[in-house]
Amino acid sequence: MTAVEAEKHEGEMARTSVQDLSTDEAPRPAEAGSATGRWLRFLIPVLMLVGLIVVWQVYVMVYDVPHYILPSPVRVAQALAADWPVLLSALWVTLTITLKALVIALVGGVALAILMAQSKWIELALYPYAVILQVTPVVAIAPLILIYTPTTQAAILICAWIVAFFPVLSNTTQGLRSTDHNLLNLFELYRASRWQTLIFLQLPNALPYFLAGLRIAGGLALIAAVVGEFAAGTAGAGSGLAFRLLESQYRLNIPRLFGALILLSLTGVLIFAATSLVSHLLLRKWHESAVRREN
Amino acid sequence: MNTAAIATAPDPTTASHAPLVSLRGVSKTFSNGTVALQNMSLDIGEREFVSLLGPSGCGKSTALRIIAGLGDTTSGTITWPGVRDDTTAKSRHEIGFVFQEPTLMPWATVFNNVWLPLRLRGVSRSAARGDVMEALGMVGLEKFADSYPRELSGGMKMRVSIARALITRPKLLLMDEPFAALDEITRFKLNNDLLHLWEKFGWTVIFVTHSVFESVYLSSRIVVMASRPGRVIDELAIDAPYPREEEFRTSSIYNEYCRKTSDALHAAMEGSEHR
Amino acid sequence: QVTAQELDEVSFGTNWLAEGEHGGFYQAVADGTYEKYGLKVTIVQGGPSAANQALLMADKIDFYMQGNLIGSFSAVEQDIPVVEVAAIFQKDPQVLIAHPDTGVKTFADLAKLPTIFMAKDLFSTGFQWMKKAYPGFKDEQIKPYTYNPAPFLADKMSAQQGYITSEPYSVETQGGFKPELFLLADAGFDTPSTMIEAKVDYVEANPDIVQRFVDASIIGWYTYLYGDNTAANDLIKKDNPEMTDGQLAFTLEKMKTFGLVDSGAAQEGGIGCLSLDQVKSFFDKMVDAGVVKADIDYSKVVTDKYVCKKVGMDMKK
Amino acid sequence: MTAVEAEKHEGEMARTSVQDLSTDEAPRPAEAGSATGRWLRFLIPVLMLVGLIVVWQVYVMVYDVPHYILPSPVRVAQALAADWPVLLSALWVTLTITLKALVIALVGGVALAILMAQSKWIELALYPYAVILQVTPVVAIAPLILIYTPTTQAAILICAWIVAFFPVLSNTTQGLRSTDHNLLNLFELYRASRWQTLIFLQLPNALPYFLAGLRIAGGLALIAAVVGEFAAGTAGAGSGLAFRLLESQYRLNIPRLFGALILLSLTGVLIFAATSLVSHLLLRKWHESAVRREN
Amino acid sequence: MNTAAIATAPDPTTASHAPLVSLRGVSKTFSNGTVALQNMSLDIGEREFVSLLGPSGCGKSTALRIIAGLGDTTSGTITWPGVRDDTTAKSRHEIGFVFQEPTLMPWATVFNNVWLPLRLRGVSRSAARGDVMEALGMVGLEKFADSYPRELSGGMKMRVSIARALITRPKLLLMDEPFAALDEITRFKLNNDLLHLWEKFGWTVIFVTHSVFESVYLSSRIVVMASRPGRVIDELAIDAPYPREEEFRTSSIYNEYCRKTSDALHAAMEGSEHR
C-alpha cells in the first residue's frame, strides 16, 4: 500500500510525521483478487446471514413472538423440510415464467430503446405509452388481457412483461444517448450505416447502462412472474409460488409462507448473482466499473 | 498497406487548378457565443500537404471538422470542385481523420479498433488481418494487437488512432496533432512514413500541428491562423522539393523556412487578442 | 345502565368494505345497542387484503369476522389460539354464477362448462370439495377471478364465483340479464359463515365482554333484518360512500330469500346459533376432500357457550 | 446539412455523383431546437394520442364491444366527468403517497448505494438483502408490516419503498463505480476525504446513472403507492386510486375503472416528464446524453 | 499566485545530500504481463528539476504515478529520506500532478476545476477567487472561467489542468507531458513561467516530455529511459546556470546538450526491443 493511499484510508486524520510516507511492502487489505479475498468474499455474506438468523431466532424466543405472527427460523426450516416437494415444484413453475419474462423484458426493452433512439419523433410518440404501461397496475387490466389472449400462459407473460420491461428500456435509452460524439463522428466519416453504428458503437457503449438495467430486471422479472400469476395465472395444479404464498396466507400457514418467501429470496439473490456475473464478464476488460485498477 | 502503387506518380507541388475543397467565408459561432472561426477562406488543392499552424484554441480543430463535414457552419460555404467524377466509386472511402484525442472504442482491442474502418466496409476479420497488422507495424504496435486501449500509454493510443486512419488509404487525410504525444524519434519516423505514403498514393493531407519544425518539414504549404476570432492570417508556400529526407532537416533552407514560419506565428499571436 | 365512561372499548374487524352483509353490526352501532350493552365498538373495515385477520392475531383488534369454517380449521391446524363464538350466517353466501340458457340447470351441470373464474381461496377449498362431491369438475376449468366479472360476461360458456349478495347484482345491472345462481351451501358446502372470532385468551379473560358483544350483535341483526334499518344503512353508506340503496336492498332481499342468516339452527336457538353437528359434518367433508388434515381437533374451533340462547328471537316478525 | 451527414441520413444508398458532396445551405430537418421543432414536439404526441383514441372508439363501435369489457372513450370520458370529485380526491391521496414514496426511495436508494460504495465488504454483506427486499412480494409481507408499524400510513410507505428503491440503488451503485480512475487518483493526491470524494467526484459522476434510475423510480413510486395501498391500505373515505380501481372492478363499473386508469397514466406521464426535465436540466451543460452537439 | 516568496533563495543546482525521493529496484508488471518498469532506480534531490525522456510506452507515466503513490509496485521500494520534519504541517499539500490527459471534471466549470485543490482544503470560493484567476491568467484562460471543459479545445483543457496543479504551490510537482498540446509560443512562455516559479518557491519538479529541446531548456538533469522493459538507461546533468532565459535557447552549449540528449535517446531506442 502506497503512502497516499494509506493517507486516503485514514481519511482526514492528521499525521504526526511524513517519515512514514515511505512505501512499505505490507500487503493491501485483502481485495477481491487475492486468495484470502476470495474466501472472505464468501465468508462475509455467510457470517452476516448466520448473524441475522441468530438475531431472528433470539428475538422470537425472548419476546415469545407467536409463530403465526413471526415464525422462528427453526419452524420455517421445518416447514421448508416438510413442504419441500410442493414448494419446489411451485418454484420451478415460477422460475420458468421468470426466465421467459426476463427474456421478453430484455428483448422488448432493448428493441424499444433502439427504435426510440432512431429519431426524436419516434421517441416523443412512443415513450409516453411505455410510461403508461409502466404505471398501469396489472391487476387492473388483467381481466382485459385474459379476455384478449388465447392462453393463460400468454396472459401471465404479458403481465410479467409490463412489470419488468421499463428499467431495461429506460437504462438502455440513456446508454444509447450517452455515446461519445467523437466516436459518432468517426462512424459518420466512415459512412457507417445506422445499423452498423448501432451494433458496433451505440450498443457496446450502452452496455454498462443496460447491465445496470439487467440487474434491476432480473429481480423484477421474478416479482413479475409472481404478480403475473397472481393477476392472470391458473389456479390449478401447475401453479407457482404466487399461489403457494397466497394459499399459505389464506390457510394461516405462516411458516410455510416464510418458507416460500425464502425460496423466492434465494432465487432472487441467485438471479442477481448471475446477472452481476454476466455484467462483470462483459465489462471487466474495459469499463471503469469492472476493471481492476492497477495504476 | 497494399503495395499496388498508383500508376502515375503524383506531382505534389503543382496542385490541379480547381481546388479539391474550398472554404469561402466560413464562420462558426458556438451557442455560448465563442466565435471559433470568422470568415475563413481557404483552398486546398488536390495532392497538397497543408499544415494548419496557430495558437491553442484558434479553431484549427474546428476548421478540420468542418472540412470533414462534421458540425454545421454558422455561415459560409464549403465546396468540393476538385472531386472528379471518375473517383465517385471510391468517394465513400475518401476521408481519413485522426482526431486530437485518440477516440478509440474502449471495449474493442487494438486490432478491432484498427479493423473498424474496413469492417464497416464489410471486410472480414481474416481478410483484414494483413492490412491491420501492417498498419500496426508502421506505428510499432504489432505486439499490442490484443491489448485494450486502457492498457496502452498515451502515445500508444494515439498511434493506434493513426493506424486506423491510414488503413483505408484515404484520398483525403485530416490529421489533428497526430504526433504531439510521441517521442521525437518515433515522430520523425512517422513523419517520413507519412510523406512517403502521401507521395506514393497521391493523397491530400491537411495536418494540424504545433511544431513549426514539423510543419516545415512536411508541408507544401503552411496556413497560419490567429485566434479569437479564428481566421487565416498568413500562408507560406514551402517550395523545397520532395522527396524530403533527413538531410532536409539540417539544410539552411529548412532553417530559413522555420524562422519565417516562427515569425508568422509570432505575428499571429500578437494580432490576436489572446496574448 | 352504564355511563359513557364505563363503556368497554371493543374493536371488530370485518372481512370486506361496509356492505349489507355486515348490516347487523352496523345496526348495533347505529342504534346504540352496543352502548346499551356497555360497549364502545369500533368497526374496522376489511378490504381486498386479508390484513384484519393478522391484526387479530397480533392483538390489534379484539374480534374478527371469519368468513367460514375453513379459516377456523386452518387456525387450529396451525396452533393459532382463536375460537368462533358465534355464527351470524347459517349458510356461506358463496355462489357460482352462470349465464342463462346455456343448459346449466343444476349445480352438477357446472362441470360441463369449459371455464370457471375462481379466486385462489375458493379454489383451494370449495373447489377441492366440489371435485369430490360432484363428478366432472377438474382443475383445467379454473381461470383466476380478480373480482372483475368482465371476463365472465365476455364468455357465455363460463361461470364465476361470487357472493350471492353482491356479484349477481352487478351482473344484472351491467350485463343486463338474470344469471343462474347456485349457492354452494345448498349444494352441500354447509359451513356457517360471518362468524365472530376472537383469541382464546381474550375469550377466557373477558367472557362477559364476549357475551355482551355477541348478544348486542344478534339484537342488531334482528333489527337489521326485521326492523327499521335505515340508521345502519346510513352508517354503511358513510363508511363506504360507493354503496347504493339498490345494492343494499338487493343484499337484504337475498339474505332473506336464501335464508342466509335466519335458517337452520338459528330458527331454534336464534341468530348466531352454532350447531356442533354442522361443524362435525362439514369437517368430515373437508377431510374427505383433502382440504384439512384429519388429525386436528375440530371441537376446539367453535364454542356454543355464548349463543343459541334465543336472544332477540322475539323481535322476529 | 453537410455532405457527410446527408450521406448518413440516406444510409447505405449508393450515390450517383460526388459533385453534390458540396455543402448546401438547406436547413436541417427540424430538430428539437428550432421553432417548428418546438411545435412538432407537442404536435406529434398529441396526434398520436388522438389517433389512438379514434382507433379505440371505432374498434368499440365496429365490433360492438360491450361497455363492461372495453368501454368506448366517450363512455370513459362520461365516467370521468361524472365521478370527477371522487376520482380526484383519490388521485390526490395516491399522489401524496407517490411523492413520499419517491422521496424515500431516492433518499434510501442513494444512501444505501453510498454506504455500499464505501467498501466491498459492506456491499457483499448488504446487497443480498437489498435484492431480497426487491423480490419480496409486498402482498405477502404486508400483514407483518401492518403489525409492526404504528400507522397504516407508515405501512403503505414501507410497502411503497420496498417496491421503488431498488432501481435507484442499482443505478447509483453502477454510477458510483464508474468514476474515472484518473480523477479518483487526483482526489487521492489532494488528500480528499472520503466525504469530499463522494460529494465532489463520485456523486456528480453517478448523476447520469442516478437520473436514469430516477426516471424508473418516478413511475415505480406511483405503482408502489397503488400496490402499497392495495396491500396495506385502509378502505373507505381516505382511500386512493388503488381502492377506486378495485372497487370499480368489483362493481363492474368498467368505464370508471378506465377513468381511474387514465388518471393514473396521466399522472405517470407527468411524473416522467418532470423527472426527464430534471434530468435534462442537470445534464445539459456537460453530459453527452443531454448536451446539444455543435461539432 | 500569492507572492509571499520564501525568504531564502533556493540554489537549485546543489541538491541537498539526502535525496527527496529515492526509487530502488522498482518493478511494475501489469496483470496482462506487460513489464512497464524493471528494476528502476532513481534519486530525485530536493529542488531538482528532472526530466524523464524516453520512447512512447517506456513507462514514464507509470514511474511518475508510482512516485506520486498511485498504484502498487510489483517489487522495489520508494523512500522519502529528504522529507524534513519541519515540513510536516505542509506535507499534505506537497504534491501537484499534471496527468497526461487533462483529467477535468466534465460537470464543473473551468473555475471550479481549478478551484478543486483549494476547495478540498476548505478554501471558500470567494477566498480562492484571486488565486484561481491568477492561475488561469498564467495559462491565458481568464476569459474561460465559466466555460465547461467540453467547450474548450484540446490545448485549453491541458492548460486548465496545469493551472489546477500550480494553484496549490506544491513542493513537489509531477508533470506528464504538460505542454505537448500547446503551440510553441505558449509553450515557451509556460516554460519560462514554470522555471521562474520553481526558482522562486524552491520546488522539486519531475517532468515528462518528448521534446529534447524542452528537457534541456528546463532541467537540471535528464533521465533517459528505454522501453520494454522500462528502465533508466542514461542520465545527463545539464550544468547550465539558472536563471535560464530565451538567449539560452540560442546558445551553443544548449545546442550541444540537445545533441547529446538526442544521441542518448537514440541509444535508448536502439537498446530497447521496440524498433
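As written, the chain order gives the labels A, B, C, D and E, with residue 1 at the start of each chain.
FYI, a residue touches a chain if its C-beta (ideal position, glycine included) is under 8 Å from a C-beta of that chain, and two chains touch if they have at least 3 such contacts.
Treat the numbers as computed from the prediction; the structure is a model and nothing was measured.
Contact with chain B and chain E alike is made by A, D. The chain pair sharing the most C-beta contacts is A-D. Per-chain Cα centroids separate chain C from chain D by 42 Å.
A separation of 46 Å divides the Cα centre of chain B from that of chain D. Centroids built from CA atoms put chain D at 18 Å from chain A. Counting partner chains per residue, chain D shows two or more touched chains at residues 4-5, 7, 69, 139, 143-144, 147, 180, 188-189, 191, 230, 246, 249, 257, 287, 293.
Taken residue by residue, chain C touches two or more other chains at 50, 53-54, 58, 146, 148, 150, 154, whereas all remaining positions touch fewer.
Residue positions 30, 65, 68-70, 92, 95, 101 of chain E are each in touch with at least two other chains. Listed by label, the pairs of touching chains are A-B, A-C, A-D, A-E, B-D, B-E, C-D, D-E. Considering their complex, residues 50, 53-54, 57-58, 70-71, 74-75, 77-80, 118-121, 123-124, 139-140, 142-144, 146, 148, 150-151, 154-155 of chain C touch chain A. Residues of chain E touching chain B in their complex: 30, 32, 34, 53-57, 60-61, 100-101, 140, 147, 151-156, 159, 177, 180-187, 189, 210-212, 262, 265-266, 269, 274-275.
Chain D meets chain B in the complex at residues 1-5, 7, 15-19, 21-23, 25, 28, 292-295. Those residues of chain A whose C-beta lies close enough to touch chain C in the complex are 66-69, 139, 142-144, 146-147, 152, 230-237, 243, 246-247, 249-254. Residues 4-5, 7-8, 11-12, 31-32, 40-41, 44-45, 48-49, 69-70, 120-121, 124-128, 131-132, 134-137, 139-141, 143-144, 147, 166-167, 170-171, 173-174, 177-181, 188-189, 191, 193-194, 208-209, 211-212, 215-216, 219-220, 222-223, 226-227, 230, 242, 245-246, 249, 257, 260-261, 264-265, 267-269, 272, 287-290, 293 of chain D are the ones that touch chain A when the two sit in their complex.
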